[in-house]
Structures are given as structure tokens and as C-alpha cells.
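In what follows, subunit A forms one complex with subunit B and a second complex with subunit C.
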Partner chain A sequence: MTGYLIRRIAQGILVLFLVSIFTFFLINLAPGGPSSLVDFSSTAAEREARLARFELDRSPVERYGLWLTALVTRGDLGTSINQGLPVTDLLLQRLGTTLRLALGALALAVAFGVTLGILAGLHHNRWPDHVVSVISTLGMSIPNFWLGIVAIIVFSVNLGWLPASGSGPIGQRADLATSLRHLALPAGVLAFSLMPNVIRVTRAALLEVLRSDYVRTATAKGIRRRAVVLKHALRNALIPIVSIVGLITTVLFSGSVVIESVFGWPGLGRLAIEAANGRDYPVILGVTLLAGTVVVTVNLIVDLTYAVIDPRVRHD
Partner chain B sequence: MTEPQALAKRRKLWRRIRRQPLGLTAFAVLMILILTVTLGPLAWPFDPDRANPLNNLAPPDGTHWLGTDELGRDVFARILAGGRVSLAVGIFSMLVGLTIGTAIGGSAGYFGGRTEAVLMRLVDVFMAIPAFFLILVIVTTFGNHPVTVIVTVGLGFWAQMARVAHAEFSRFRRHEFVEASRALGGSHPRIMLRHILPQVVPQATVLATLGVGWAILTEAALSYLGLGIQPPLASWGNMLQNAQQYLWLNPLIAIWPGLFIGLTVLAFNLLGNSLRDLLDPRGDS
Partner chain C sequence: MFPTLNRTLKAAAVALAATLLPLGVAVAQDVPQGGVLQLATNADPTLNPWAPGAVIESNLINTILFDQLTRYSPEDLRPVPALATDWSASEDGLTWTFNLREGVLWSDGEAFDAEDVAFTFNDVVLNADLGAQSASQFTSIDRVEIVDATTVDFVLNSPFSALPYYLASFAGIIPEHVLGDAENPLTVASFNKQNPVTTGPFMVDEFVPGSYVSLTPNPNHWAGEPNLDGVTFRIIADPNTQVAQALAGELDVVTRLTASLASGVEASPELEVLRQSQNLYYWISLNQNDERLTDVRVRQALLHALDREAMIEAVIEGYGQVSTGPVAPLLGALYEDQVATYPYDPERAGELLDEAGWVMGDDGIREKDGEDLVLSMPTGQFGYLVPATLLAQQYWEDIGVVADVQVIEWNAYIQQVVVNREYESTLAWWSQPPTADVAPYYSCDAVGSGNNIPNYCSEELDNLMNAGRRAITPEDQQAAYSEMQQYMAEELPYLYLWYPDILTAKRTTLEGFPEINASSAFQHAVDWYLND
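Showing the complex of A and B:
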């Protein structure tokens, strides 16, 4: 187990290292350079000074070396060229806001997805299964940003129940009710597009368990179906659901980029878009690396959890 | 195979196809959509780019079936023009992802060893970056020419395809027919293309169909954010870019493009699911 853990962590670090190389050299191919450097009011000397300050006068290979050294030795991701702030500060500022949205969406998606998946599995090929299948296909097909716009039209413009944008006041004025009201629409919309994955895995897992020998044995012994399902089938069917969390983390990140824009949610996705538009190299690199780290870490945790809750899975 | 046998086989296939009413409907809807967006502009009297500030944000009526947008352009004409762009981007992106994914995943699975280790690590890298971040970085770097958008969206899809191709190619690598071909002096590219690739076609078709839906959604999101297809060229995604500002004045212009995206992607997804059932009778989902 320890050997497996070390191997997995080493693999993860290698993947993240490659992600950083790939992203770094790709964005350095971008023509134009950082937007804050294209300032016609500044003199050539001022521009030179700023280039020197961000070491943009050096070659990309040299800069990558400097960037990596700073990251490994001091945990320093560099300074935002357009905002002048340390990238780590910017990321930490936004990470909490994005996590709030992500966890809210994840909780809703798992709660509704698992319930609907069980419903579909228990009524295989009968009308509840078909209804759930329709919901799931709609979740896969409707663009989530458009659903967000429709939700704003209905709940903010027409009914006036929920705020159309922002993550609510922060600091001392923030209270739970206001925060939840701001969270409701973006998290709900994001959850709707994540749900199909949860439904599909839950339903497939339940169907497989229901077909297994021990469930048939339990039924043959004369145990009531309710008891068979609750005591024997569900417990084992819920195991694969853990794996979905790993699967949907990447989808969650991609989705939050768009949803944050629809609802003016000041998170990592918005930061990424601002950075991309302003060609703020260190910030783009930082956001991508952070997202990659979360994906790699969540997948590792999921695999480990799997081994703990399912004794048949052994890592060695 | 004798003639009656072939006929019986074809009849059997047709019977199985008929048992997929949803898939058939989806196929019909897609054909209608494609015909409408390609031939529609010939019959529709309005130019998608012609602005008319005197008649902007108009509600639907007999002349402008879906109303007009903030510049007074006919929304239906823009839906037709945008549909061509969105469908084309979706289909070509999928082809890009499919080709790259099959080539890389297939080689990894077929050759094994060090080639496999290196190529699959590359796949891991792409799987670790959430697709949208990757696409954001590439579009920033290479700009948003429609061809760039197509390639970029395709790159968000190839790693998934590579995993499937990898599994399939490494499964077939040890099969007897591959060994036999090898013994007869068949070259590696020949074996990969002539013998193994056809075996992967059913799986690839399903994934490709679902992939088009995914690509259309991704292009739409990208264009909505102003990073994809650029106005004045219409796409279903960029029609939504400005619509959000006019929600209070005319929410309908924010509704139409989304309905068309949803309908199209829905049709591709239903078709993909039916194809999966059709090609793999054992599956139950």
C-alpha cells in the first residue's frame, strides 16, 4: 500500500510537471504579450524596465527554469503581470469562492443523481427508468450556460426570488441565508449538467448488483424484495458511486468556468478568463496548474477510498 | 455468402434498427436540421448580417418569425447561418479529436512497451487539465480563427478517444489474425489500419456521435464567452453573448439559440445511445 501510494504520488507530480511545461511553452508562443505592457503612453525606457521586472527580456527556457526554481524552493508561482499581485494570493482568494460553488453543485448532483439512479435501476425498463433517462439526456444536451440564462429570466427577472449575479457580500456582512440565495442558481444549474454522470453510474452499478448471485440467493431464500434491496443490493451498489466524484471533478472545473461568467461569480474560472484575455502568463499557468493539482489529488483520494471501502480492491 | 443469406442478414439488421424509434427520430431530426440550415438561407428573405436599428429587439411576427436582435438583424436568419457554423465546427472538431486520439491511443496499445508508457503519460497530462482550461490556453495563444477553434475543441476530446483506442488495440494485438498477418509479412501500419482499425469502428462511431454533441456544446460555451467564433459571423454560441444584456427587454432572443443547441445535441446524444444499443446487444443502458 505504501509503495503504491509513493508510486502514485510520483506519477502525479510527473503529470503536473508536464502540464506546467506544456502550458508554459504554449502560452509563450502567443503573439502580442501581456496587455498591460501594450501601453502607448509609456516611453520605451519604461517598457524596458517593466519587461526586465517580469524577466520577459529573457528566453522562455531561462524563464521556465526561474519559475520552476521559485516554485520548488519557495512555493512561489510568480507575480501577475497585469495586476502586480502574487499569483498564489490571487489563486487563494478565488479558490474558496470556486470551492463553494463546486461543493454546492457536487452535493446537489450526488443527492439527486443517486436517488434518480436508484429509482431507475429498481424499475429497470419501466416508466420511472424512462423518465430518469429523459432527465439525464436533457442534462447532457442542454447547454448549462443557457440554462443559467433561462434560470435568471425565470427566477430573477420574472419572479424576483433569487439574485441574478454575484456571490453575495463577503466578510462581516455575509450571512448564511444571503450566501445560500446567491449560491442556489449557479450551483443548481451546474448540478443539472453533472447529474447525468451520477445517474448513469448509480443505475449501472445497481443493475449489476441486482443480477448477482447473492441477491438471487437472498430472493430465493424468501426475503422480501424491500429487504433484499436495502440490506444487500444498495450497500454494494453505492461503492462505484465514489468513483464518479473523481470522474466529475474535471467536468466540474470546466463547467464552473462558464457558469461563473453567467452569474458573475468571482472564482477561478473568471480569473482564468481575465488572465487569458490579458495574456497574463503567470496567472494562466497558476490557474491551470492548480486545476490539474485538484484533479490529480481528487483521483488519488478516490482510488484510495475505493480500496478502503471495497476490500476486494487491493493496491500493491 | 450466398445471396439469400445476405438478404436475410440485411433484413435482420433492419429489424433491429426499427427497434430503436428514438434513434431513428433523432436521425430524422438531424437530417431536417442539416437540410434547413444548408438550404434555408436560399429561401429565407433576410440577410443574417443586415442591421436595422429602427426595428431592433422586435418580438416574433409574420415577417420576422423569431423577432430581431439588438441591432435589428433577423434572428431566424442568424439561427440558420449560426447553425451551419455550429454544426460544421462540431463535426470537424470531432473528426480532429477522433483522428488524433485513434492514432496516439492505437499506437500506444499496438506497440506497447516504452511507446505505450510515453504516449499514455501524454494522455494523462491532457486528462489532468480540465478541457475548458486547455481550450482557453490554446485559443489565447493561437487566436480564434474558426479553424483554430475547430482544432482546439478537437484537442479537448482526443484524450478520451485515445483511452478507448488504446484498450481496443492492445486487446487485438495478441489475437491470432494479427499474428497470422505478421507471419505473412504484413507491415505494422498495414495491420493497424487494415486489420485492427475496422474492429474499433463500432465503438468509435458511438463515441464520435456523442463527441459531436460535446463539441457543439463546447464551441457554444466558448463563443458565448467571446473566445470562440467571432461576430459578425454568427454561431449559436455567440448569439447568446450579447443576449444576456437584453434579458429585461426581450428575453426571447436569449431563448432561441439555446433551444437549437439543445435540440441538436439531444439528437446527437440519442442517436449515439441508439447506436450503442444497436452495435452492442448485450449492453442494457
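Showing the complex of A and C:
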């Protein structure tokens, strides 16, 4: 088990290293430069002075070397070109808010997704199955940004129930209730688009398990339907659900990019968009590495969870 | 604007106006006090008006925070006193003396004086190594000399009669006692991103990155405390969300409203849409490095071919008017309307092209010496540049001219068009201070490396622009700039498209908010009040 862990972590670091190389050279290949240095009305003299200030007149290979050295020796991710703040500070400021949104959306997606999936699986080809299928088709096909704006119009503008944007009230510490009110719309919209995956996997896994011999045996023994489903069937149906949760986590990061923009949610997704539009090279690298680290870690946790749920899976 | 003869008189009048200011404050006390105004900006601002990249997301908030030597009158946009109480130019127009307001304190309690003005210009704006934002507008300034604690001389290397106008355009004074020792005064994070020291009516209370910047009244402000208890800028990237929030009552002002969103705001009884103006025009630039485009008949034909009225209707829902040149009607006497105009006339366009030797080919494309008239037309994904470009492409197709439109991402567009000048035609805009001095965009000096995007160079035009810069009296300026506008309308260094209305949505209960334009409104934030 320890050997397996060390091997996986070493692989993870290699992956992150390759990600940093690809990201660095890709963004440097992209035309244009940091928006604070190359804006529409700046003159050639202004541009040259600014590029020299940020050492952007050096070759990309040289700059990558400097960046990597600082990271490895000092844990320093560099300074944002457009914002003038250390990248580590920017990431830490945003990580918490993104995690709050991601976990909120994940919890909603799993809670509703698994429930609706079970409902559909148990009532296979009857009306509850069709209703769930309609919900899940809607979730798959309605774009996030549109649903977000509609949700703002309905719940904030027309009904006035929920705040339209931001992660909390201005200038005061938020209590739990206020924080949840701010979280409700963005997490709800994000969860709605993630839920179909959970529903479909839960439904399919449950249907398969319900057809298996041991479930028939359990039913034949006279165990109540409820106990058969919850104790015997669901546990085995969990394995594909856990892996879809692992996959969703990566989708969560990309989905939150759109949702964060619509709801003015100050998270990593918006930081990434601003950095990419503004060619803020150190910030793009930082966000990519952080997202990469999260994905690598979640995958590792998912693999370890299999062993807990399914005693047949062993990591040697 | 300051006649040599009655210069003293004028200065005295300005000084009188300045002494009357405290009276104005006393009157302002009668308006309702209190309330916090909610505004939005599209990204984290940089709280230093000269920091490279402090542009659209930072301009309005910096205008409130950092007072300038001058600001625009809410009536006619002439420069009126702010940190300077009066000013005058020497006979040769090469030395401008500014008397500074006495008793002004920074938000940290230190005294403001001539050192701060000299630092802002000598060590920051004129220091070429820093590449300060909009430094290129001040290349006529050689140095700022301190005469005494409340007097400075701007020493110029060439006459620049529009100086007081430019000093009111994103030219905030920054504190020497805070930034003077910094290695680079433009990148001090604790100042730019946390708590800048300022002289404006409001100062920074809290800056939460990605969320909001809240401002609180500056107890040291020279014109007394503002009427409002605070101003908050929420950071909301998406313009649709900004409008949705204004409709939900969470925002009081939305600036730079897009035309398509204006109708939704107009339907709300609590909000109104201000149709403001700015010295801003859209244009098509025809690269003069391309020989085909140096023929003025070709340029005139390409403008005759465009139905600009219809384009304004289609692209900005009628919120704008056809432009005749680089000076907007907003400028009053300095705007010249008696110039050559180019109404929509595809036939006339065809005749002009025929005269220039571009005859219609069998394939519907004009040709000369066996070569088709095809122009590359890169366009950037920003605002409504893409739909406007596509319309121009269709109108040109009608007269047998092919525009090869490439849509590119904004940052890459800047690299290709502005930095490398790799284009034959392109559509964009210029926004300038409210003066007719447009030399940075037209002079031969600015070809290739500066803001002269079409690379248009004419000695005659340079002379006309310099005459305007030398002219001291309003009459002389008007004469010089009238001639300049006539020349430009005839020669078309740029194809002039339209002056768009600048749309601002505001809550009807917000008063004391100058309606003339956003620059002036935000320079007078001290007067804002909520009449709930």
C-alpha cells in the first residue's frame, strides 16, 4: 500500500511538471501579450519599457527556467503581471470560495442525483422514470450561463428571494444563513447541469444490480424490498457512482468558470478567465497547476475509495 | 482658452470662483445626507491612475479617489479648478504656471504640495523606463519645476494649448511621501491593491479581491465631506449580470451600458438611462503603407459606400450619430460641421473608384492591372467591432470591393494590428479628452510606433495641428482646428463612422450626478446624493 502511494505521488508530480511545460509554452505561443503591457492605445516606447520591466524581453526558455527554479527552491509561483500581487496570494484568496461553490454543487448533485437515479431505477419504464429522464435531459442540454441568468431573473429580480451575485454581503462577516443564501443560486445551477451524469449512472448501476442473482436470492429469502435495495443493491451500485463523482470533480472546475462569471463569484474560474484574456502568464500557470493538483489528488482518493467499498480491490 | 490680454482677469475670475467654493459646499449641506451608492466594475481595479493596465476597470474608481489639477465643468466640459486653483501660460506658450490649492491634506493627514505634482510628472509620467499608462499624451511636457510649495511651472518642449484639458483626463496626482522611495512607484501592491493614499472625496475602506472595493468619506477632503456615507464598487464581469442586478435593486449605477440592454433598463420605473456623449468616434483605418489606399479617391469611395445611418441603427440600435471627423459636436465651438460629408451613395463610390483606375471585373470584383481589389480586414472580439465590420464588408461588396474579414481574439488583434500593423483595413475607435487636439492619433511622429494606426503622414496636417497647439485665444484655436477638421474630412486619414451615445443606467433617486458625461460625473462625486 505504501509503495503504491509513493508510486502514485511520483507519477502525479511528473504529470504536473509536464502540465507546467505545456501550459507555459502554449500561452507564450499565443499571440498578444499581457494586457497591462500591450493595450490598444499604448505606444511602442511604452510597450518596450514595460516588457523590459517584467523581463519579458528574455527568451521563453530562459523565463521558464527562472520560473521553475523559483518554484522548486522557494515555492514561489511568481508575481501577477496585471495585478502586481504574488500568484500564491491570488490563488489562496480564490481557492476557498471556489471550494465552497464546488462542494456545495457536488453535494446537491449527488444528493438529488442519487435519489432521482434510485427512483428511476426502481420504477423502470414507468412514469417516475420518464419524469426523471426529462429532468436529466434538461440538465444536460440547457447551457449553464443561460440557466444562470434566468435563475437571477426569476429568483432575484422577480421574486426577490436570493441575492443575484457575490459570495457574501459587503463589508461585514457573513453568518451561515447569509452564506448559504449566496451559495444557493450558483451551486444550484451548477448542480443542475452535473446531476444528469449521476442520475444516469445510478439508474444503470441499480438496474444491473437488481437483475443479479444475489438480489433475487435476497428477495426469495423474504427480505423486505426496502432492505434489499438499500443494504444489498445500493452498496454494489456505489462503485460506478464513486467513479463518476471523481470525473465530475474535474468538470466542476471547468463548469465553475462559467458560473463564477455569471454570478460574480470571486473564485479560481474567474481568475483563470481574467488571466487568460489578459495573458497574465504567471497566474495562468498557477491556476493550471493548482487545478492539476486537485485533479491528481481527487483521482488518487477515488482509487483508494474503491478499496474501501469493494473488498476485492487491493492496492499492492 | 486663456487670452494673453485678459489673462490676469481670467485668472482672477477663476480665483474668485475658487473662493466661492466653500459657499457651494454650504448649499450642498441642505441636500439629503447619507446612503451608500452601489456601482459595478468589470474586474479588479488597480488603484493608481498611472499603473500600466489600469484601464476600463480602474478609471472610474481612480477618478473618485485621485484628484487632478483640473477637472471638467459639468456644464460644458471646460477645465475648472480641482487641486489647482488657477493657471496661466507664458507668451510663448512654453511655460504654464499652476497655483495649487492651499491646505489640502492627503487621506493619511499629510499635507499636499508642489512636491507631489513634481513627483507625479517628473518621476513617474515622464520617466520613460516605467511606461506609465497614457504617458504618451504628455510628451510635450519637458519637466515640472517647483516655484514654491503651492506653485508649479510646467515647462514644455513645444506649445500644448490643450494642457489643462489633458490634466483633467485620468491624470491623478499621487503622493510623493508614500511612493517616492519605491523602486517602481507603479507596482507597489500595498498601494495599488489595498489602501492607496489619496486626496479625493472618498478613500478606500476595504478592497476584497474579486468581490468589491468599498469607499468611505475622506475626512480630510478639501471641499468638505461628501453627502453620501460611502460608495461601493462590486466586481461583476458580466454586463448582463450588472443589468440584472440593477433591476433587482442591488446596483444604483451601471456605466457603459450596451445598447441592446438599454431597453430593459428604460422599462424600469426606478432606473433611467442617460444618453451621454464623449469625445469618442468609431473609424475604419486604411493602412497607408498599402499603395492602393494612398489614393484619396479610394478612401472617399469606401466611405461613400457605407450607409452609416443604417449601421448605427443595426449595430447600436440608433444610439449614436454619423461622425464628420475626430472632434465630437459635444465640444461646441471647436466642432466644425462645415466640412466635406460622404452620404451613402454607392454610385458615387463606383465613379470615384473608376476614376482611380479600379474598374468592375466580370466577377463583380473591381480590378486594376489584372489585380482584384481585395483588402484584409482583421477584427477583434471586443464590444460590437465584429458585427460593425461584417456590415462594412457587405456594403463594400456592393461596390465590388472584397474585405477579407478575419475575426481574432482581442489581445491577438492588438498584437497584429496595433503592434505589427499587419492589416489593410480595420474598424475600431478612439476616445480622447474633450479637446480638438488630436495630434497623438494623426501626427507623423506617431506613424508605426504610436497611435497613428493608419500610418497617415502629411506635413500639411502636422502644421495645422501644431497651429492649434500654439493658439492661445479661443478664436485662434477655433480657426486652427476648424481648418484641421476640414482638411481631415477631405483627406480622410481615417474613415469616420459615428459618435456613439455613452449610455449610463442610474437610479432615479441619485441626484447631484452631472449628466454631461461619465468623466465629469465621477470628478464631482462629492456632490452626489440619494434623494430617497
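Just so we're on the same page, the second predicted complex is superposed on the first by the 297 of 316 C-alpha atoms of A that agree within 3 Å, B and C clash if a C-alpha of one lies under 4 Å from a C-alpha of the other, contacts with A are read in each partner's own complex, and residues count from 1 in each chain.
In this section, contacts are C-beta pairs under 8 Å (C-beta built on N, C-alpha and C of every residue); 3 or more make two chains touch, one makes a residue touch a chain.
What you are looking at is a predicted structure, and each value in this text was computed from that prediction instead of being measured.
Engineer: Taking the superposition as given, does A:V131 touch the first partner, subunit B, the second, subunit C, both, or neither?
Structural biologist: Neither partner.
Engineer: What is the contact status of A:I142 with respect to subunit B (first) and subunit C (second): first, second, both, or neither?
Structural biologist: first
Engineer: Quick one: classify A:L247 as touching subunit B (first), subunit C (second), both or neither.
Structural biologist: Touch partners of A:L247: none, neither subunit B nor subunit C.
Engineer: Is A:R279 touching the first partner subunit B, the second partner subunit C, both, or neither of them?
Structural biologist: A:R279: touches subunit B and subunit C.
Engineer: Regarding the shared-chain residue A:L68, is it in contact with subunit B (first), subunit C (second), both, or neither?
Structural biologist: Neither partner.
Engineer: Could you look at A:I153 and tell me whether it touches subunit B, subunit C, both or neither (first, second, both, neither)?
Structural biologist: Both partners.
Engineer: Of the partners subunit B and subunit C, which touch A:L56 in the superposed model: first, second, both, neither?
Structural biologist: In the superposition, A:L56 touches no partner, neither subunit B nor subunit C.
Engineer: If you stack the two complexes on chain A, which partner ends up touching A:V262: first (subunit B), second (subunit C), both, or neither?
Structural biologist: both
Engineer: Which holds for A:V19: it touches subunit B only (first), subunit C only (second), both, or neither?
Structural biologist: Once the two structures are laid over each other on A, A:V19 reaches subunit B alone.
Engineer: Which subunit A residues lie in the overlap of the subunit B contact set and the subunit C contact set?
Structural biologist: Looking at subunit A, the two contact sets intersect at 30-31, 149, 152-153, 157, 261-262, 273, 277, 279.
Engineer: Along subunit A, where are the residues that touch subunit B in the complex?
Structural biologist: Result: residues 11, 14-16, 18-19, 22-23, 26-27, 29-31, 124, 137-138, 140-147, 149-150, 152-153, 157, 200, 203-204, 207, 250-251, 253-255, 257-258, 261-262, 272-273, 276-277, 279, 284, 287-288, 291-292, 295-296 of subunit A touch subunit B.
Engineer: Which positions of subunit C touch subunit A when the two form their complex?
Structural biologist: 43-44, 46, 51-55, 128-136, 184, 187-189, 192-193, 205-206, 208-212, 214, 232, 234-238, 240-241, 244-245, 247-248, 250, 408-416, 418-419, 428, 430, 446, 448-451
Engineer: Using the touch definition up top, name the residues of subunit A that touch subunit C in the complex.
Structural biologist: Checking each residue of subunit A against subunit C gives 30-50, 52-53, 82-85, 90, 93-94, 97, 149, 152-153, 156-157, 160, 163-168, 170-171, 261-264, 266-267, 270-271, 273-274, 277-279.
Engineer: Would you tell me which residues of subunit B are touching subunit A in their complex?
Structural biologist: Contacts found on subunit B: 121-122, 124-125, 127-134, 136-143, 213, 217, 220-221, 224-225, 227, 240, 243-244, 247-248, 251, 254-255, 257-258, 261-262, 265-266, 269-270, 273, 284-285.
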